[in-house]
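What follows is a set of structures for review.
Note that chain A is present in both complexes that follow, paired respectively with chain B and with chain C.
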Partner chain A sequence: MQIDIRTTNLQPLRHTFAHVARRLGSDKPASRYQEATFDLQPTTSFHYRPLWDPERDLYDERRTAIQMADWYIFKDPRQFYYGSWTIARAKQQDSVERNFAFVEKRNLLDLMTPEWKQKVQEALVPLRHLEYSANLNNCFITAYGYGAAVTQATMLASMDRLGIAQYLTRIGLVLDGNTGAVLDVGKQAWLNDPMWQPLRELAEELLTLQDWFELLVAQNFVLDGLLYPLVYERFDTRISENGGSALAMLTEFMVDWFAETNRFTDMMLKTAAAESAANKTVLEQWVRRWTARVAGALAPLTEHVFAAEAEAVMRELQDDLRTRAKKKCGLDL
Partner chain B sequence: MAKPMNMRDKYNRMTRDLGWEPSYQPKSKIYPQIEFEGIKIENWEQWEDPFRLTMDAYWKYQAEKERKLYAVIDSFAQNNGQLNITDARYVNALKLFLTGISPAEYSAHRGFSMVGRAFPGVGAQVACQMQAVDELRHVQTQVHTISHYNKYFNGFQDFRHMHDRVWYLSVPKSFFEDAQTAGPFEFITAISFSFEYVLTNLLFMPFMSGAAFNGDMATVTFGFSAQSDEARHMTLGLEVIKFMLQQHPDNVPIVQRWIDKWFWRGYRLLSLVAMMMDYMLPKRVMSWKEAWEMYFEQNGGALFEDLARYGIRMPKYWEVSVQEKDHLSHQTWATFYNYGHAAAFHTWMPDAEEMAWLAAKYPDSFDRWYRPRYEHWIAQEKAGHRFYNPSLPMLCQTCQIPMLYTDMDDPTQVVYRSTEYQGEKYHFCSDGCKDIFEHEPEKYVQAWLPVNQIYQGHCGGATVPEVLNWYHLRDGQDNRDYLYSEDRQNWLRWKEASSQLETT
Partner chain C sequence: MANNMVYLALQNNEDARPIIEAIAEDNPHATINHYPAMVKIDAPGRLTVKRASVEEKLGRDWDPQEIQINLISISGNVVESEEEFAVERLS
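Showing the complex of A and B:
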């Protein structure tokens, strides 16, 4: 049975904006993602050369070695614009909040053996500093990258990384009952402990990288691509085996976030590589170079957690990353 | 359960405690932009966080606002809410907003991501990044809100293309690019302080109040939704200024010069808002003059009294802005009326009732200087000689507005200022704009001046139809008089159809 509500039926003059219609090939209804993304960044009629980069325009394609005929063929598989992103994150945050409350109320992290609780403090908490530099790196890409399709996703990623750094901070506070002592020890380790120095050196080097696409490859594809499986999958499994399965409730966000964000990162590499042989070569060089560099920087941390198996673990993670580069991005390494 | 940490300590742990002093790379390589403007920061730790918002709370509040806003946008579209506005003429204010202001929100988004990376202090980085993502929100929600209007009215459809090309849109475009191409401290003084803190109530709010007064449910809902973001941005603006001034006495003259510059640049940009307030709203909120008195003379005056203890005075030429308040909107609207064939919105002459309102609001200027001019144009139009100015106006090298503002002692005399730089002569609408140029001539000679670009053959050709075509401005649909526009014809047809439906 059909119930009719009579309303004024007006014929629209058009279905979307003209610049969107040109990209869709005709004037047809466009998605919110498309209307919020296409051509948002100015590409022409720039008034002044930046005082901080007088050789280039305010927005300039020449800030990376990657060359594209059209920067809007990068399409976020998640179709994130601000609204869909923030609503998705708020939902996840609800579940994080419940998990923290559950773990804290029952002191579930105390179920870990002291030895493993110590390992979590040593190997997980200092990563909040690395997340902070990941936040700055994505902010750099947003600032100097090209095209709203790319830079809006990295803007959202910057805020995600700040959120993750804050979740790790909260884990530190849960571990010591909100005194901040664990965070202080962790920061000292980040600054001085030999185990963390190669990684901190890498983080500081990434903060000086000038080619934004290379930074995206180094940080979001290679460093995250090795670190997240290492910490949030392999290390996490070990912790669970040693009475720490509750920790997984507190790192669930990171696991889900990584799987979700990889879809964007893989699309970036795949699309750029498919554009030209020159892009593909550059990307392959970057992935190769940064994989060696990152694997070296992660070695002491891996050894600390996996002892004798460390080398094998790191080899497997690199193999996995190479497989991902091949299968998801079309890169031959 | 453990005793919670106090809010301030917790926020510190969540933000500035994340950072560290680098030792493998020199700081100057990580933060290369921080020296060249001459601003001295002794200690970034003294930065006071203007608001303490962690990402968990941010996501929660913002998502709630987004859900509500999009529910209203959807229902507005479903119920053809555009039929409930006071008159289709109102939509022209929205056209000015989408083509002129929304792209500026995008610039703010990118600009704040630049400074959110450029500043070395974590507190400042986080505050700037939050504003960067908020500004992304604003441009996107504005596009989504106005998307429905685009389906039913002309002039919105190619707003991105137009923003980079159309002559008067270079006014907001050059304003934001001027800020973005400056150093990080000047950018944040320009946008956070001069623009957000001193002038927001004169830019953003008139459009939103205009929407409320004219039955535009969708846009006013956006306005309410953005209000708490704007409040955060304003507190950031004040913190930035106080922080710079407290850090080192050498900063004071630099900051003062930026306040002078950005006040004047912002004020000139606001002339577009002034004409919107006085001429474009079928139901007006307040006059430009009243708004300037309330938001600048009173509120701004109090602010600068407060800043006096740091050695900051009122922005240079503020007195000129007060003298001009009786004339600004009229001179601007008259210019757009004369160039109505080259504007991406419709123009018109005020009717008798509107002229009475203008006369009441502007007793010292309207009847004497502007009514006679308007009555003359109305008579010409009735006689079949609607006046369109066929020549291209000379633009001010700094603010890029046509040279239209007059001497306040003699409103028949246009102000011309000029200066020479490297053998070339440059023209200005005011002493304020001339001063800005003379301080950084090497920057302002680069300006992409729309009229000069047309003369140089970069805009599709030398004739008006060629240039309009290059703008993607459809002659007869997007421009000229409201009275004969497609917008108005459609509106009357739709209103009739919907009133017939009500009576059946």
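Showing the complex of A and C:
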């Protein structure tokens, strides 16, 4: 008896979900990101109006001044959905852990001059409280934003901010030999030191913003856009020049995270601005207003670190942000 | 008869799909054949997989050597650089 082995090609009846196929234009295989994003949020047939906002639906486009015909044209360039995000972050977490182990084993932070070690304690560690407000703000955007394409990415961002706050906490613990003393001092500074009060006031003001897209502009574009280059690039370079290059190993995640997340933030502003002239005008107003406000709030911190050069540094950072708004987001400021 | 056909055969899975899409866009002269569990891409002369195109589809950094993970078979001479992975056969 002879057995012939043949292959049979089974054509699947459909390649993806019908709602994804409608967005792709035809029934072709969709990526996981597309299937985990498109039209995931309910849009019709809500049961009751929420008690906390009886004027609007549970998910409502009217919670921001930005208007879009379709909220799913916001496409995360990183294509993060839960799976790809956890895989990416797990890899980064591994390398951060190795860096912490390396620095702690060799006591590398002790190479810093005492004066600069003090500056790191004063100017870096209290930022963990600011990261917590960034976490809450991204939670707010997730809760009140519209469309899974937006709220998915901001939820991941809010978890990222908790992670960054934890890394800052661990830097504090490395500095004080796991006693937590530096963290207590940092918290008191955040609550009482005049240097931090304008920034704390700004953080509290951001927590009260009602328009979620404005909050995204103020927190993720303007505040992060000025703070991250200030702290993790310029301040970091200054620390490295004073024996603290090991610290750069511990803040490497923040630098990578900022570069990566900017791609998402820039896409948000660019897509909304390209939708209509009205959106563009609103976005430009927001960026202008918040840039002035944030620069003022960061001034005391900048002066503490850069002394006489502080003004020049802050001016350069604002110019960089304006250039980024023009080139990456198409906003004229 | 001179035959200068080259091909790349890739697994037909979620990881390889962005690579296949990038190849299809960058090589308009290529024919893409779907088989069970495999996608075979034939072309005369040369097939190029560009880092930049795949990165755009994938949304993350991509090293052209990563293609090996999903590569089943090839025909042609391999030309590799930082920016692309190509197979070519000059007739």
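Please note the rule applied: the second predicted complex is superposed on the first by the 324 of 333 C-alpha atoms of A that agree within 3 Å, B and C clash if a C-alpha of one lies under 4 Å from a C-alpha of the other, contacts with A are read in each partner's own complex, and residues count from 1 in each chain.
Simple rule for what comes next: contacts are C-beta pairs under 8 Å (C-beta built on N, C-alpha and C of every residue); 3 or more make two chains touch, one makes a residue touch a chain.
Predicted model, so just to flag it, every value in this text is computed and none were measured.
By the document's definition of touching, of the two partners only chain B reaches A:His129; chain C does not.
Legend: residue contacts after superposition of the two complexes on their common chain; A:Ser31 is shown touching chain C, with no touch to chain B.
Within the superposed three-chain model, A:Leu10 lies in touch with chain B and with chain C [touch as defined at top].
In the superposition on chain A, A:Trp196 makes contact with neither chain B nor chain C. Once the two complexes are laid over each other on the shared chain, residue contacts for A:Pro77 go to chain C alone; chain B is not touched.
With both complexes placed on chain A, chain A has more residues touched by B than by the other of chain B and chain C. When the two complexes are superposed on chain A, the residues of chain A that touch both chain B and chain C are 7-8, 10, 32. Residue ranges on chain B touching chain A, taken from their complex, read 1-5, 9-10, 13-14, 17-25, 29-30, 32-33, 36, 54-56, 58-60, 62-64, 66-67, 69-70, 78-80, 83, 103, 106-107, 109-110, 113-114, 116-118, 122, 125-126, 129-130, 132-133, 136-137, 139-141, 143-144, 147, 150-154, 156-161, 163-165, 170, 173-174, 177-178, 180-183, 443-444, 446-448, 453, 472, 490, 494, 497-498, 501.
On the side of chain A, the complex with chain C involves touching residues 7-10, 29, 31-33, 76-80, 84, 88.
Those residues of chain A that touch chain B in the complex are listed here as 6-8, 10, 12-19, 32, 35-36, 38-52, 58-59, 81-83, 86-87, 89-91, 93, 96-97, 104-105, 128-129, 131-132, 135-136, 139-140, 142-144, 148, 151-152, 155-156, 158-160, 162-163, 165-166, 169, 173-174, 177-178, 180, 183, 187, 190-191, 200-201, 204-205, 207-208. Residues of chain C that touch chain A in their complex: 14, 17-18, 35-36, 58-60.
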